Amino acid sequence: MTTAEFDSEMHVELIQHEASDYMVVHAARVSTLGDRVAEFEAQNNWDGPVPKADAGLINFLMKNRHGTPFEHGMFTFRVCVPIFVMRELHRHRVGFSYNEESGRYKQLDAHFYMPAEHRALTQVGKPGHYVYEPGSLSQIEQTHLEIWDVCNHAWDAYARMLDDGIAKEVARMVLPVNTYSSCYITCNPRSLMHFLSLRTKDEFSTFPSYPMQEIEWMARMMETEFARLMPVTCEAFCKNGRVAP
Amino acid sequence: MTTAEFDSEMHVELIQHEASDYMVVHAARVSTLGDRVAEFEAQNNWDGPVPKADAGLINFLMKNRHGTPFEHGMFTFRVCVPIFVMRELHRHRVGFSYNEESGRYKQLDAHFYMPAEHRALTQVGKPGHYVYEPGSLSQIEQTHLEIWDVCNHAWDAYARMLDDGIAKEVARMVLPVNTYSSCYITCNPRSLMHFLSLRTKDEFSTFPSYPMQEIEWMARMMETEFARLMPVTCEAFCKNGRVAP
Amino acid sequence: MTTAEFDSEMHVELIQHEASDYMVVHAARVSTLGDRVAEFEAQNNWDGPVPKADAGLINFLMKNRHGTPFEHGMFTFRVCVPIFVMRELHRHRVGFSYNEESGRYKQLDAHFYMPAEHRALTQVGKPGHYVYEPGSLSQIEQTHLEIWDVCNHAWDAYARMLDDGIAKEVARMVLPVNTYSSCYITCNPRSLMHFLSLRTKDEFSTFPSYPMQEIEWMARMMETEFARLMPVTCEAFCKNGRVAP
Amino acid sequence: MTTAEFDSEMHVELIQHEASDYMVVHAARVSTLGDRVAEFEAQNNWDGPVPKADAGLINFLMKNRHGTPFEHGMFTFRVCVPIFVMRELHRHRVGFSYNEESGRYKQLDAHFYMPAEHRALTQVGKPGHYVYEPGSLSQIEQTHLEIWDVCNHAWDAYARMLDDGIAKEVARMVLPVNTYSSCYITCNPRSLMHFLSLRTKDEFSTFPSYPMQEIEWMARMMETEFARLMPVTCEAFCKNGRVAP
């Protein structure tokens, strides 16, 4: 019989992309150049860094919240995260596409989330103003034991029901929300920035967010790819208070 | 200590609405009447049944998939359904708005889903072509026992962690996906029809769907309200193969 | 033969709505109350003003950009505006539904926009930083004459082509972009605020916008209805820098 | 003084893309493979043709209207088309991003649409059932003269107002809707198919559409790129009645 496997990581991998600071510049310039923007497409080395004037334009667009030039790009990530994280992720509707592992069509894996030691376990204060603290050693120990126990207990019940011919979609009802699930996610630079603004806590944010830690780790991994592929756009995003344009 | 409570129903209640067959007719007529459509707004008794010619127009729009006239209305439902149903629901992005109970901000209720006897338990065939069957008496009994046991076990662990001061968002990780959750859902007639076309199995569907039973029950309750408030539109939807326009 | 008629107004009329500050409060409270929110629905007098604590909650949501509770409402407007305004309007995609008068199916009206005297006619400065000024008397006179002349000239050509049996969709190609067109628009409180934040110029805006004057007049009329039906939400929007949550 | 230039073409150029039949297959397979889908990503030669079994899967998804696996791709087109075509294009809201030439920020070009001889000029029948016919020689001649005359007349007025210091956004009010405008458009394979299903007339369509000829020419050019980059998906789309999944 399979035994429950525990994991403390969010898994995020960039699978495909078409993303460039240049495209932002071109898309913005069509408003003042019209069809002559075609000449600029040809001149530019799309893989190199954008010239200073173009970086200034990107900053202007970000600061003044001209959002549409940031939509002509795409990122597809394959992620593997617990269901309770997936549920927050799926609330992003605009500019996001998803295909997720199905508990109806597939026998799920015995793969469960276990908070690592750096995951704060206690919550102080009121809704909207929580402060999270690490937790005492005994709290850490208890949490690990409880999670370990419930996951194993639930997994055994799931496996037994499958063995007895119960439909996957029925048997999975007992699995806890820390069960891992996999998903492809496609978004564009603008919808990604919107996600990042809500799912990261950052001292430079004009509008502070208080995301759950697990989704923030995931968001930070996505931001790393964003910063690598669209360095000028990402810098302008950070400099302008991390407000999605 | 609270004990787990079991429930076999989907709870769906219409909270507010602004929906009328007349609005579909007006919205379609603006294309040929322009501003003179205002005269028709005034003439009509919006609460009465639409005249025959208008019913014909609605049927024409549905059949030829002119979708936009069906967007000028709204339904807000309060639903209380298991998390595994909520997860399917939240995949509907366009024309859907959600606010859901939070496992981060609120202590969840000991309220769990238990399949009733009419819920098919076994699955025959291949993905995409499953046929569901009721299950033997022993399968029914086993399923009930397993679900009863895991829910109680998980609930006790959840309650103990909360007692020991663990944050709600951490403790809830052990709760199974059959835990109930509440949500407000707002949609428009067009997005509702799109939902219905995918989440009901119907012999008159041009494009057959094979939804999970629980979400179909929920969809059928929503359809009842739709049929009551927009009888002509709902009839045209059904007569034209349940294809969302 | 019809003669061209000139008009300097944007026409905006609220046709139907379902909008209330209470719904914002309920939608937010479901996150901490779950299904018990139903008790509050029953208690409230939805038509009266919201209590102070609820107004505080609305302000908190606005300030911290919790946007979804503002989506459970709707406004349908019938508007009659020039095509060049309609074109800006139709760029709003999310949470907006449209049905517009058709130049393919309907003979258009000889109804053209003429800037009134308070409409600034000259533009000083660079793109993104234009300042508009009234224009001299001779500029006003010339503009009126040119517009009067082109509209009449184009209208006569349109009418002649229709008389000779040319299809409406071909004949209309000669009509100028200041020709009026009618449209139904449905949006929700959140998408409306997003529209208002971009299409009004306001000294209290955190992110200043520089809209075209005609669309701003239109936006201000929509804002009047919004303020009337959702006074607490509208006030919170204004107090918090007119940033759509 | 510039003279009006006439053009009978729709201009459509693919600027960037990330589109592959393989991605459809992977996105669909994540539902039954979960994280093991990663192994398949590595095996495949994404640039080669998909194997027969995968083509069968794509056909199954299309036929049964499983739409989401078709969202993980993108196409960016630069188009230059008359305003009356742009207006139809901009009505596509979901999965479409736009940046268009601005008549507020840029002096527009004297570039106007003139129907070519193969463009049907007369309309027979009722709204919803129009049949278009070529038009007589005298109708063709008259149409050309009228359009030529109005465009030149309007352009001269536009140029004079600009010379006299009138703001671009005011002066352009006299320009006809057959003035060309440029735009970047980004969409995904699913939203593109939705567009194609509505904007092409095809004997194999399950739901016939009666698009304006100019937008159909544009749609056909976009379809050519789609067929080149995602041949199996495009074939499945055509074989299954050109219904967007």
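Note that the chains are named A, B, C and D in the order they appear, and that numbering of residues resets to 1 at the start of each chain.
We adopt the following convention: a residue touches a chain if its C-beta (ideal position, glycine included) is under 8 Å from a C-beta of that chain, and two chains touch if they have at least 3 such contacts.
Because the structure is a prediction, the values reported are computed rather than measured.
Engineer: Sort out for me whether C-D or A-C is joined by the greater number of C-beta contact pairs.
Structural biologist: By the number of C-beta pairs in contact, the winner is C-D.
Engineer: Taking each chain's centre as its mean C-alpha position, how far apart are chain A and chain C in Å?
Structural biologist: That pair's centroid distance is 34 Å.
Engineer: Mind checking the centre-to-centre distance between chain C and chain D? Centres are C-alpha means, answer in whole Å.
Structural biologist: 27
Engineer: Any chance you could list the residues of chain A touching two or more other chains?
Structural biologist: 31-32, 68, 91, 94, 98, 105, 127-128
Engineer: Chains as vertices, touching pairs as edges: which of line, ring, star, complete or other describes this one?
Structural biologist: Contact map by chain: complete.
Engineer: Residue numbers of chain A touching chain D in their complex, please.
Structural biologist: Of all residues in chain A, those touching chain D are 11, 13, 15-18, 23, 26-28, 30-35, 37-38, 41, 68-69, 71-74, 76, 78, 80, 97-102, 105-106, 108-109, 180-184, 186, 188.
Engineer: In their shared complex, at which residues does chain A touch chain C?
Structural biologist: Interface residues on chain A, with respect to chain C: 31-32, 60, 64-65, 68, 91, 94, 127-128, 198, 207-208, 243.
Engineer: Can you tell me which positions in chain B touch chain A when the two form their complex?
Structural biologist: 82-84, 86-87, 90-91, 93-94, 96, 98, 103-105, 113, 115, 119-123, 127-128, 130, 132, 135, 139, 142-143, 146-147, 149-151, 153-154, 157, 160-161, 164-170, 172-179, 212
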